[in-house]
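Note sheet for the following structure.
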Amino acid sequence: MSGSLQSFFAMGGYAAYVWPAYGVFFTVLLIDWLAPQFRRRRLLRDLRGRMARQNARNERTGRKSTAST
Amino acid sequence: MTDTRRPGLGHACMAVLRRDLTLAWRQRGDMVLPVLYALIVTSLFPFALGPEEALLRRIAAGAVLVTVLLAMLLALDAMFRSDIEDGSLEQLMLAPQPLALMLGMKILAHWLATAVPLIVIAPLLAGMLHLPPPVIPVLLLALLLATPLLSLLGGVLVALTAGTRRSGMLLALMLLPLCVPVVIFAAGALAAAQEGLPWIAPIAWLGAALVLAVVLAPLACAAALRIALDS
Amino acid sequence: MSASPSATPLLEARALSFHRQDEPVFGPLDFCLDAGELTLIEGDNGSGKTTLMRILTGLLHPEEGELFWRGQPLTWDRCSGEVVFLGHQLGLKAELSPRENLRFAIGLHGHREHSHIDDALARVGLAGYEEEPVRKLSAGQKKRVALARLLLIPAALWLLDEPYANLDRTGIELVNGLLEAHIAHGGAALVTSHGAVQFHGGEPQRIRLHD
Amino acid sequence: MANWIPLWLHKLSSPPVFYRFAGTLRPWAIALALVLGIVAMYGGLVLAPPDYQQGNDYRIIFIHVPSAWMSLFIYAVMGIAAFIALVWRIKLAEVVAMASAPIGAAFTFITLVTGSLWGARMWGTWWTWDARLTSELVLLFLYLGVIALYHSFEDRRQGARTAGFLALIGVVNVPIVHFSVNWWNTLHQGSTIRLLGPSTIASSMLWPLLTMMAATKFYYFASLFGRVRADLLALESGKDWVRQIAENEVRR
């Protein structure tokens, strides 16, 4: 079994070409998958910060309103 | 109902052409720069590749073509830049004239001011790289068809970048995919001519593309400008 | 909101509003403009005066609300030739002389009967500067060249964005004089300004933009 | 008259509705993509026998061909979305077009790299100026041009419309490039080498290939939904529904 597994990974001596191809495939797609995830988290964090600042400003000026635009 | 004397199309076209050519002439220093650039780049080839005549002759046609293309790219950015900055472009867009035609005139003026000087010195550039003299008429013909094509395609792309601040490298990135076919056919004609083969087919393709671009590119340019300035 | 039933107004806005990056630039706006009417748009810096102007020229697309030009939805090709716009950027070529600049404008837009470039330049107080490159003129003089364009080009509606900026007292008088003459001839005008403007020919309609 | 379809589409094109819709579908899409991907890889890497000519190298096609197919498919989606965005000014179409561009660029990049790896083995060279490879390279430049143009505008929506116009120009351009490079190759007597010959492909190789194609398609939709959701949040950050999401997220 281990022998067949080894030969599977060796790909008949062509592993140097097949595995990097698959590696690139999964790496690029993983980056593509994670990028919007991080972006979304950052956006929401920024938005929360902005809302907190806005609320603080409104409380200071005594006006009671959210999103007074 | 108003006391209007609307100018005719020809009149308006001439007005745009005359103004742009006058401006180009007043700033003729800017016109010299692409020519200078082309001369410098061409003179670098022998230094890089060695003065061996056979080698230079082999690359001459392609090198001149690419040099002219890069020199045009250098000047492309300025096509609408000053008009956007001083508000003339807004006035042009609000004029009671077909915008596509007016932009076509602007592109024509730009081609006359930047590409024609390059075409004029092209035989000199070709000579510097030992292009065989019988090929030079084909080179001029290819440039006469390829450079307006590049100006028209470039005009559309410049219109797209009209709303942005920096556009130099962006323009190169956008133009590259569009100019691949132009370069291929122009260079193909030259290679065929150099080998003594019939070169009319690629020239005909270039001509067909030019006809198509003359009709479509100003329309696309107008549409692109309306989108890009919608802010 | 009171629509005059007699005739369709030249320009009408219904619930016009604009957002930029989801920040409202100006709120819902309703107004009518008839021929022979002057409307002042007032507001502080950043209240959206220029944005409103660009929407009215048709260059900018309003996100909400409707605009009508002579009773029809306004698009850039419908009102072109009847509207002349004077913005922050004057649309003058610095390398050309006032006379050349105006000749180009006439070539593009056509010109009013009985109007001449040199007369118009004299009217705005630029006699003697006809051949000077615009680059060498002062900011106020450049503005005057652009004002001379208003005298030459036929248009039913003037859209003037901050016409008083960069002008001295005589220049302000000049703008008011031009506006009065334009209104008297049945033209309409929309003028923005951030300060209070005294206008002699009757009380104009006012629109205030808040931010 | 089936006028519920436009009504349904109209409702779906509202950002908060699509945000929720995409949020529901996304886990299913990625799960399907993963399952199909694993099945395809098992079939392609383990079950399928070595090719009698190419040995094990041909196994690259199980990712190369689906990626190449996706690079064109995504460009088509982007072009259609850009067209809708320009003609009807629908915000969602703008977002879909611009969210597709990076995914398409990723697949185009994968196509080029895997093709190059395959070529290095088969032809002994990393790169050849063959019509397909050149078209694919031009496609990558087009994607990059669209992305760069989009990001060079300060106003996202304006950038999206402008870059969408560039994408539409590219739709015309890619076939022309393909044709001209083909012509160029015949001129220079270059040999056109095909990864998939006209020869019949064994079914033991075909089914993993088709499964992988399905997997990449589901992956695209999952990734697209993720990107569109993030873009919608950014674009509508002033609206109440986004603020609600921001508040709810912090409570969890």
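Think of it as A, B, C and D in the order they're written, each chain with its own count starting at 1.
In this section, a contact is a pair of C-beta atoms (placed from the backbone, for glycine too) under 8 Å apart; a residue touches a chain by one contact, two chains touch by 3 or more.
In UniProt terms the chains read A = Heme exporter protein D; B = Heme exporter protein B; C = Cytochrome c biogenesis heme-transporting ATPase CcmA; D = Heme exporter protein C.
Computed from a predicted model, the values in this text were never measured in an experiment.
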item: Of B-D and B-C, whichever chain pair has more C-beta contact pairs; value: B-C
item: Farthest chain relative to chain D (centres taken as mean CA coordinates); value: C
item: Between chain D and chain B, distance of the C-alpha-averaged centres to the nearest whole Å; value: 33
item: Chain centre separation in whole Å, for chain C relative to chain B (CA means); value: 36
item: Rounded Å distance, chain A centre to chain D centre (Cα mean); value: 18
item: Centroid distance [mean C-alpha coordinates] between chain D and chain C, Å; value: 48
item: Multi-chain contact sites of chain B, meaning residues that touch two or more partners; value: 230-231
item: Residues within chain D bordering two or more other chains; value: 155, 237-238
item: Contacts with two or more other chains, residues of chain C listed in rising order; value: 23, 61
item: Interchain contacts, given as pairs of chains that touch; value: A-D, B-C, B-D, C-D
item: Interface residues, chain C side, partner chain D - complex; value: 19-23, 61
item: In the complex with chain A, residue positions of chain D that touch it; value: 45-46, 50, 55-57, 59-60, 63-64, 67, 102-103, 106, 109-110, 113-114, 117-118, 120-121, 219, 222-223, 226-227, 229-230, 233-234, 237-238, 240, 242-243, 245-247, 249-250
item: Residue numbers on chain C that touch chain B, as the complex places them; value: 57-61, 76, 80-85, 87-96, 100, 103-113, 154-156
item: Complex contacts: residues of chain A adjacent to chain D; value: 8, 11-12, 14, 17-18, 20-22, 24-25, 28-29, 31-33, 35-37, 39-40, 43-44, 47-48, 50-51, 67, 69
item: Touching residues on chain D, where the partner in the complex is chain B; value: 86, 134, 138-139, 141-142, 144-145, 148-149, 152-153, 155, 158, 161-162, 165-166, 169-170, 173, 176-177, 179-181, 183-184, 187
